[in-house]
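Each remark here refers to the structure printed beneath this line.
Residue numbering begins at 1 within each chain, and the chains themselves are lettered A, B, C and D in the order written.
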Amino acid sequence: MRQERLSLVLSVGLLAGLAVVPLVTAANTVLNFLVFAMILALAAHGWNLLAGYAGQFSFGHAAFFGVGAYGGALLQMRAGINPWVAFLGGIMLAGIVGAVIGALSFRADLRGSYFSLVTLAFAEVLRILVNATPATGGAAGLLIPLDVRFANFQFASRAAFYWIALALVALVTLLMLVIENTRFGAYLTAIRENEDAARALGVDVFAEKIKAMTLSAAITGAAGGLYAQYFLYLDANIGFGPWISIEALVAPIIGGLGTAAGPLVGALALQMLGEMSKTVAGRIPGIDLVLFGLLLVLVIAFMRRGVVGQLQRLAMARGGA
Amino acid sequence: MQSEGVVAIVGGYASAICLATTQAAARYDLPYVVDVGVTDAIVNRGLKNTFRFGPGFGTVTQQAMDNLTKINEAAGKPAKTVMLVHEDGLFGAGLAKLLQAELPKRGFEVLDTLPHPTPARDMTNIALQIKAKNPDILIPSSYYGEFVLLARTMQQQKIKPKAIYAVLNGAASNFRFVKEFPEAAQFVMDCNHWHDPRKPAAEALRKSLEAQGKFWTYNIPMNYSAVLLLADALERAASTDRAKVTEALASSTFADHLMPYGPTKFVNGQNTGAAPVNTQVQGSDIKVIFPAEFSNAKVVFPVPA
Amino acid sequence: MMFSPEIVMAAVLNGVMTGSVYALIALGLTLVYGVLHIINFAHGAMLTAAMFAVFVGHAVFRIDPYAMIAVVAPLFFALGYALQRWVIGPAAHGSESNVLLVTLGLSIMIENALLAGFRSDTRSIDVPYAFSSLDLGFTFLSVPRLVAFGVSIAVAFLLWLLLARTDAGKAIRAVAKEPTGAELVGIRVEHVFAVTFGLGAACVAVAACLLMPTFYVSPRIGNAFVLVAFTIVVLGGMGSIPGAVLGALFVGVVESLSGLFFNESLAQLGVFLIFILVLLLRPRGLFGAKA
Amino acid sequence: MLEIANLVAGYSGVPVLRGLDLEVARGEVVAILGSNGVGKTTLNKAISGLVPVESGAIRFAGAAIAGLHPSDIVARGLIHVPEGRKIFPNMTVLENLELGSYRRAKPHRRKNLERVFATFPRLKERTHQAAGTLSGGEQQMLAIGRGLMGEPLLLILDEPSLGLSPLLVEEMFGLIAEIAKSGLAVMLVEQNVVQSLEVAARAYVLDNGTVALHGAANDLKNDPRLQTAYLGA
């Protein structure tokens, strides 16, 4: 089975399965777990577009997550814009920030480790600035007032919020499957495999990378916006801290780098792994992350295309037999 | 937790966590007793489920300023100038802003305010600036690591203000600091949560803990008291119904706690009796020095050079 | 705001002292980059691990932190060697992005294992000489920091000597530019890679011994230093050893002075801004090291 | 000295050498000829351990060396001076030569240095110059000199005349002849047929990964099959 087919089947199956969960259980722990997994999957999709498809490994996707989260929250609280509109505004802001950071770094022809480092630094600069700026709530953070109304992007039932998050993940997965079959997707793959060769073939590498970065940032920004609306509290470490840069990167790698199903598979796997490690190791802080790190190393060493890649290999073996 | 039949929550510690968790609990009308968690926003949002046993930020700073003024007056007003050092997060930055506004009203001149990040790699520059400005009193609000670093660097650079007067400091009323760096810790004052040293139950708890080789911290009597408070409310409510427990908490007059507070009385979720006290490191102990009715030692001020 | 010249001089001196420890951390990073052409994201976690090793050595076995150099430097050399030879090298399959991810995974593992083992408390050690200082008239110069300066410069010099004068050092330089040529004179490239990585680890181990008498350790502290070290490495030119030393002293002084004239929080921001600007405008580094 | 039997080797499963037999005797100069892409460089890399051997045997000085690590092959005295020289451009001429005895003959370093400088006086003039700044001919001399520093029993020279001016090519072959006179076995891999056959005692002509033709150099010079084999016709 081709990777795209497998991704499509996997994604549809998973999303359908996930959609019925609230009908089966109303347990808040389950829904809470899944909402968080969806936010993570969304952030991971953003990172995967840039790194998995275009080969640009950002270590600072927190920048976009934070801009999406803070952008939406500030538009809503300071400018009085409707939260739904503000959410979209946050996504756009994240896209713009992505385009600017992309333009600066790609103009300077930063590749590989250099690109990773500069994105990390941008995220840290934003974190320090937001922490020090009174307009963003400074160190005290932002508390979005509790006001449960549909028009306010706040719901009495967790299931409603969960379905919205799930729908967004479905939408982005679809977008990725579409991109894989467009010229844009082909250009990104060409850039990932060999940037200079792609340029020699007439691909406008700079423009395509900026496009990928903008879209990637917007998607991760959407994850930030969702986070803000769900938890109603933000501070600089939540929005711009290294934790989200890392989770957005570990999830697709475990799920399957450069595949449309990878981010969702990886986000669910990571979340489950985190819960399991807590159950097994008790409440020792850090144990779950030790496992994440180990898994990251193992996946890179032994299964380069993560869970999806492994499934594909199995499917091919069976097809060949 | 909602689905697991929880009736009430006691917790807190980090203000940012409190802000988020109390709001989450409010969705389910889950009674929430905050033990330590000083941000005033915790009880200022009109959440009916949230009760804070300990004093809030406003109360603590107010008391801290009052006490400082009184201590200074009692010593014949040797101190006129102050410098503030604070970590640049929620707690330090907020505190510094308040103190900057309050201190001039009480006749102190604020010479400078120096923020620093957590973790900070170096405190020498801050020490140098303190040395340059030579304030009478230094008010640090930092977490443990940075304050210890600052106190050690000051000792190193032989900088001796008339007092180091901390407010809600992570280290100044921490026995680990006193034990590991007795010289740097000597005579450091703190306005913070502390147990009532005259209550036998509190001292007994402290002894039993120290017998296990653990350091005594103010969180322990706070948390212990908050649990007692909730137990009392549960008894009086005689029910696990959340609304009844909430009501019992709201009308609580609980007095058998370990803190220097008097009977509990919640107004808008804040225990109005709650107040901080002043402590000072003297020898290898942390003594309560102010207010007089709770104190077990006399204040040493100005610090002998 | 004006300060007396004494205070400014003291701040410059302090910057040089701090910078020298940065230099040691940056040396390890730049050496690994120069030879293996990879960025070791686990550098900060290795520093933290070394600091905890020094802490445990003092708390449990009452070993002086300076004496611990003799223990942790070889230990971390061996650890670094093993990591590169049997973990990073094989797992990376020769791709740069894989190396980044593997070392990131390692840093997550190390940091959180330390968090699980030691919790998030900050810990420090008290040694009798922690507060001894020299009276220079305008300031008191802390003896432990002077020791740190001396040892850092000595280590940098020894490293330079090793690379310039010994066969092992020449083999490292040979592998850095021409691995195939190196194999054909009988140099084991994967061994040299691992030795280089081990040297980088030994450098942070020494830095840990120098920091502990006056500093504290907590599970995430290493990153606070390594982000500065990245800046220094970029500033001095990736792979350049003199660049790393000069860059470190420069950053130390700039940071110290901006801490004095602005504030410590903004000084942190300044470090990152320098980093971004150098990357965007002069990725080869300010000191013109050859690519 | 070197015996190769039925050697199959290549890159990631695609064999370039398909069953090759070859022999170099002690003190003998053997030329390996053939046009581009017939497998000459792969042969050298297989012998020196840079390319894995799939099947067949390589024996050197009486022992099987197929599958050994390149550094162990160097240690046995089989030294390969590669195509493109692969000198260390960031290091001085002296340091390059010193590394030639990294694995072998380290105690004789000083003596061998003098010998190399005697053979290549131009290197001596440039002792402390960075190798990357040398001319192409000088870099080739340095590469050979570096090889000699390890006191090889067999020296493989891969395209030593590549990219040199005709005058320098002449000089280079003169030097190789001189080195060969010292009794060292040399395997000279070249595209330059005429000059190589002047220096070598025997020669092998490769085509498509196997030996197409071999024999004494003097016989091959006049063999019409050489022309056809070499042109791949």
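Points worth noting:
In the analysis below, a contact is a pair of C-beta atoms (placed from the backbone, for glycine too) under 8 Å apart; a residue touches a chain by one contact, two chains touch by 3 or more.
Just so you know, these numbers come straight off a predicted model, no measurement behind them.
Chain C has its Cα centroid nearest to the centroid of all protein Cα atoms in the structure. Ranked by C-beta contact pairs, the top pair of chains is A-C. In this assembly, the chain whose C-alpha centre lies farthest from chain D is B.
Centre to centre, using the average C-alpha position, chain A and chain C are separated by 32 Å. Between the Cα centres of chain C and chain D there is a gap of 43 Å. Per-chain CA centroids place chain A at a distance of 39 Å from chain B. Chain A and chain D have CA centres that are 54 Å apart.
Of all residues in chain C, those touching 2 or more other chains are 265, 268, listed in ascending order. In chain A, the residues that touch at least two other chains are 128, 132. For chain B, residues touching at least two other chains, in rising order: 88, 117.
Taken chain by chain, the contacts fit none of the simple shapes, being neither an open path, a ring, a star, nor a full set of pairwise contacts. Chains that are in contact with each other form these pairs: A-B, A-C, B-C, C-D.
The touching residues of chain B, when paired with chain A in their complex, are 1-4, 16, 19-20, 23, 26-27, 39, 41, 45, 88-94, 117.
Put simply, chain C touches chain A in their complex at residues 38-39, 87, 90-93, 96-98, 100-102, 104-116, 119-120, 219, 227, 230, 234, 265-266, 268-269, 272-273, 275-276, 279-281, 283. Across the interface of their complex, chain C is touched by residues 88, 114-117, 119-122, 124-126, 128-129, 131-132, 143-145, 148-149, 152, 155-158, 180-181, 183 of chain B. Taken together, the chain A residues at the contact with chain B in this complex read 26-29, 128, 131-132, 138-141, 143, 145-146, 148, 231-233, 235. Within the complex, the chain D residues that touch chain C are 48-50, 69-71, 74-75, 79-82, 85-91, 95, 98-100, 102-104, 106, 146, 150.
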